[in-house]
Amino acid sequence: MTHRREALLALLFALAVLAAAFAAPWLRFVLTLALAKGIAALGVMLLLRAGQVSFGHAMFVAFAAYAVAFLAGRVGDALLLLPLAMLLTSLLGLVIGLFVARYREIFFGMLNLALSMVFYSLLEKFYSITHGTDGMRVPAVTWAGMATERVGGEWAVLVAALVLAIGFALLARLYLASPLGEALQGIKTREARLEFMGLPPRRVLLVAYVLSAAMAGTAGALIALTTRHVTPLMGYWTASGELVFIVILGGAGGVLGPFLGAVAYELVRVYAAASVADAWQLILGAVLLAVILFARGGLFSLLRGRRA
Amino acid sequence: MGAWFADNGLLLGLALLDGLASAALIFLVAVGLNLVFGVLRVLNIAHGSLFAIGAYTAAGLGAALGSGALPAWAALGVLILAAALVGAVLGPLIERLLLRRIYAEENVLQLLVTFALFMMLEDVQKLVWGVQPVHHDAAMRLFGTFDVPFGSDFIPFTAYQLFVLPGIAVLVLVGLVWFLRSTLSGRMIVAVTTDREAATAIGINADRVYLLTFTAGAVLAALGGALASPTAAIVPGVGASTIVLSFAVVATAGLGRIEGAALTALMIGLGRSVAVYFFPEAEVLIPYLIMVAVLLVKPQGLFGTLETRRI
Amino acid sequence: MGITRRDAVLGTAFGGLLLPSTLRAQPVQRPQELRIGITTFLSGPASVFGVPGRQAAEMLIDEINRGGGIGGVPIRPYFVDEGPGVEHLLGEFRRLVLNERVEVMLASISSGSCLACTPLAEELRRVTLLWDCGTQRIFEEKRYQYAFRTQANATPEVLAPLLYLLKRKPDFRTIAVLNQDYAWGRDSWELWRAGMQALKPDARVVAELFPRFGATDFSTEVTRLLALRPDVILSTSWGGELDTFIRQAAERRLFERSTFVMPLAESSLERVGRSLPAGHIVGSRGDHWFQHPAPADKARLDRFVNNYRQRFNSYPIYPTYHMYQALSALQAAYAKAMAGNGGNWPNEQQLAAAFPGLEFDSPTARMTIREDGQGLEPQLIGTSRHTDALPFATLSDMIVFPPELVTAPVGRNSVEWLRGLSRDILDRVPAPAG
Amino acid sequence: MLRLEDVQVSIAGAPVLRGVRMYVPPGGRVALIGRNGAGKTTTFRAIMGLLPIEGGRILLAGADASGIAAHERARHGIGYAPEERRLFGGFTVEENIRLPAEVLRLPAVETRRRLEQVYSLLPELSGLATRKAAGLSGGQGKMVALGRALMVGTRAVLLDEPFQGLAPALAQRYAEALKRLRDALPDVAILISESNPELLRPLVDRSFVIERGEVSS
């Protein structure tokens, strides 16, 4: 797809999000969550480019969300909280990345899963600090010093999510086109060749990992500011699976894919829950199967008009 | 150290007895998952669902046949039958209809197909068995209890957990090792696990081996569920927690390694029960700590070997 | 469900252009139907409560609608699954209020859900009845104008069994706890310990076991408890985990060594059958029990129990009574608000204003909602016994604790209030009946 | 015996074989010469049905191979010794060699006959029979892989870079084994790949050269 067509598509997508949020107020919340999850899924997609599946990235989402919950009382402005949460999560990503970037495939996936389950258990265990499964309330925050009431706050976080989504999509596009980003493909196919080209595979993967953690952290901070209540469930392994789900649903072929996937995912879930409250998983699972079996490249490739 | 043992040695002994039964169940579920992963290279998330369905079926069948009337061995037979049935029906169905289509795909797609299946089966279980805890403990009660001396006191254990579960686990372990070593089907499974291409080149029909292995894995998952059902109430969500634990075992054990699964299950089972006695807060972390520790020292898992990878 | 589905599609595709988000104007028209949203667990382990709650709601709403609805308006419920977590719940809450225009929400089994929903309800100015969640924190940490609880909270649910234990077995020396490792398990133990330190400071805690939420095997914990031989074992567990614990403890004769206190065991009695031996202390998160020794209106209790049994083939458990209470409170509040509004349909402020001080009937008692929004619900605790009439344990020596005795007063923090209790509260405990 | 007509194969979207044409007559000894990455291994894998071909066709003893599943090719008498020896490390040497015969369910007599044939052609294997394959040296492994291929290769054996990584002395022994093979089994066609044409000259009747996925003779 040409740059111009992709930019046009992104613009149309952003406008559609804003229009839908304007027309149906209850969708603001759902779409904000979708954009946030799209950002996290974009990070997961970067790792998929290297052939690595993380089944634990919800840990970074939950970490940032809890960071916001803890810090919001002290740092009361969203425009400070977002970069702060992003930074902290990147640091966590760096520490964990140094460890997991040595592993590949199932070991990479399972280590991420294990670490996320450890973090999830700690959120539940440190009951006196985190209130366990009850979760924590996120205090009200200001936006650039301005206090907002419910509707204003919802718009503020939606617009912030949209801006960050576009920003990260551009960043991801630049990154994937750079030598470091292109080297990701090499991890998937021939690692030895990377070494030969003077790019240590571990470092290539580590950069992608930290970037993906930063994106997941941004998503977590946005989700915390949207739901205003964080629970350990945000870090459970099924939430990580959801992110991978979103990438595949949307298609890993381009940076728009994860966002299309996230919006589709949230809407399918809302729709399924509204029509059959006790069998929504059945519907979601069936949709995913249908996409994998009949539209391999995800929604993005359908939009592009040819199969990846 | 010596003083600590003098004070806590007896307790440690009890903890080890408890750990055996739990290790036995962990082994039964995880070994099937590991076998399937070794051959198909697909990490089957729906393995947890097969565990749950095996448990539901066994409890349902047990209740339908009526408790009390059956002798202990027959009650146990019913459970095993139920598991075999579930695995033998669902295994081929899933492999043929679903997995077969995606062997050539990237592993993320394979993983997600089983994730989607897992999600769907969660709701299917709810639709079939409802949400109330299902339970049928005739098998556990019929074996009675066994008193273990404890200082001047004694501690009753259920014979089911003390002898039957570990016994079956050992039988399965020995049986699997024998099967893989000494039968042609078993050797074909090992050959495909080691190198699918080389196996195909000498005439092994890998598709048939896949089917056989997946069915065996499904039977083992369902067997684990069936054997757990007399001691545990089966509730919605049991599949999700089972599968995460099994994943940890697979990664720790080394891919496709039976003896690795056994050793890992033993470490996790014993580690958790020792933790309950001495550091209860660490209990949930034990499987993951063991996994991280093992992979730090041996990146390919306990019994894992470096794989040759073909493009 | 046709309209729901269509609305979801339209809402998704065209948003509110076709469905104006608010039709509210003064004065309020009597609606065609009274839409209420009900959040409950339809998936995961807690659906053992959520699904009976939903079943009770469907049955009771049918009955109310057959009797002409509320003020002539039939009720239409919208159910939401709490299982997927807070994000999903908050999204659905908004959808129901903003898009489906529900007038009232009955929110949540899980305390986490309630803590997340209540501030949103306040922002959306929508009356929300906390129909089943237990956390005492909600009304102790903050005041709400639109949220009310139509049942007790954790404090009376823990204090009543503690008082019962102190009455029945005053000289126990050691106690162990085995609770699920999540908020309720931890909270209930904190409350219990606060009360026990005040009322029986010499009791020694010999083990605090918090197995993982969703654990399916308690053998190790049972062994530990068998070896420790505590006089009393407290467990506020529920659902499949309590069933499993009871069966494993029974098989290994732990019930012979220790007296169990199980404040939620009423919901497991029918399932565990004869595994639960006689002589152990059982509670029911309220005063509901199909053999209540002195119900306010026996015919009403019997009608509810029989209808439920006929329709769902099992005895009603506590969430079904809690659903009854919420719907009963709703009826009473609409009646009160309309009476105060010249017989006209109330707007949301008028409806909310009807709840403080509201009196309504539960299947077993006359209940009140306090000025802080907290419901006052009596607590029934009894001792298990076996009869030939039923294949599971029923209760003997029941004590019905008046809510004023066991609930922290308005404005008091429960833990601090419990710490300050003095032993004369024991003198005010009523005599057992039945 | 073996004919490739305009065979085209791509891996991950990149064309690797572009119209390969090749012919190995029954009992023929043919070399496929090419540098690393020229497409030798891909050609072998395509012949064995381990890769899908996108164009052209492969004929096995005159029959179109597209109708013969990969695992059926062993039954058609084609043995394959891959580049890396790819033995089943958990089995003993003899188990490795016997396995193809067991898989094909050959009669016990026939299995024994072939096994003895392998041991007589490759005498150094008899001493290794009970060793675990995982513990073999590189040269021993190559020998076992050849033996395994011979168990099924009644019409043709494909040997992918057998001399790769062998010390000169071992390479000499391997070449001698191949000579014995030629004399003992004149009906079995042999296709050997190699990067160094000099090594094979005394062993083959005919050579094909493969370069960037294209074959010239």
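In order of appearance the chains are A, B, C and D, and numbering begins at 1 in each one.
Everything below uses one rule, namely that a residue touches a chain if its C-beta (ideal position, glycine included) is under 8 Å from a C-beta of that chain, and two chains touch if they have at least 3 such contacts.
None of these values were measured; they are calculated from a predicted model.
Visitor: Using Cα averages as centroids, what's the distance between subunit A and subunit C in whole Å?
Guide: That pair's centroid distance is 36 Å.
Visitor: Using mean C-alpha positions as chain centres, tell me how far subunit B is from subunit D in Å, no decimals.
Guide: 41
Visitor: Whole-Å distance, subunit A centre to subunit B centre, using C-alpha means?
Guide: Once rounded, the distance between the two centres reads 32 Å.
Visitor: Residue numbers in subunit C touching 2 or more other chains?
Guide: Expected reply: 42-43, 181, 212.
Visitor: Could you tell me which residues belong to subunit B and also touch two or more other chains?
Guide: 122-123, 126, 281, 284, 311
Visitor: Listing for subunit A: what residues touch at least two other chains?
Guide: Answer for subunit A, listing residues that touch two or more other chains: 121, 125, 189, 278, 280-281.
Visitor: Graph shape for the chains shown, where an edge means the two chains touch. Line, ring, star, complete, or other?
Guide: other
Visitor: With touch defined as at the top, which chains are paired up in contact here?
Guide: All chain pairs meeting the touch criterion are A-B, A-C, B-C, B-D.
Visitor: Quick check on the complex: what are the subunit C residues that touch subunit A?
Guide: 1, 4-5, 7-9, 11-12, 14-17, 19, 21, 42-43, 79-81, 84-88, 90-92, 94-95, 97-99, 110-112, 115-116, 119-120, 123-124, 135, 137, 181-183, 186, 212-213
Visitor: Which residues of subunit B touch subunit C in the complex?
Guide: Contacts found on subunit B: 11, 14-15, 17-19, 21-22, 25, 122-123, 126, 130-133, 135, 137, 140-141, 145, 150, 153, 155-158, 161, 228, 231-238, 241, 272-273, 276-277, 280-281, 283-284.
Visitor: What part of subunit A is in contact with subunit C in the complex they form?
Guide: That would be residues 19-27, 29-30, 33, 121, 124-125, 127, 131-135, 137, 150, 223, 227-231, 233-234, 266-267, 269-271, 273-278, 280-281 of subunit A.
Visitor: Would you tell me which residues of subunit D are touching subunit B in their complex?
Guide: Residues 11-12, 45, 48-50, 69-75, 79-80, 82, 84, 86-91, 95, 99-100, 102-104, 134, 148, 151-152 of subunit D touch subunit B in their complex.
Visitor: What residues of subunit B sit close enough to touch subunit D in their complex?
Guide: 184, 187-188, 190-191, 194-195, 197-206, 305, 308, 311
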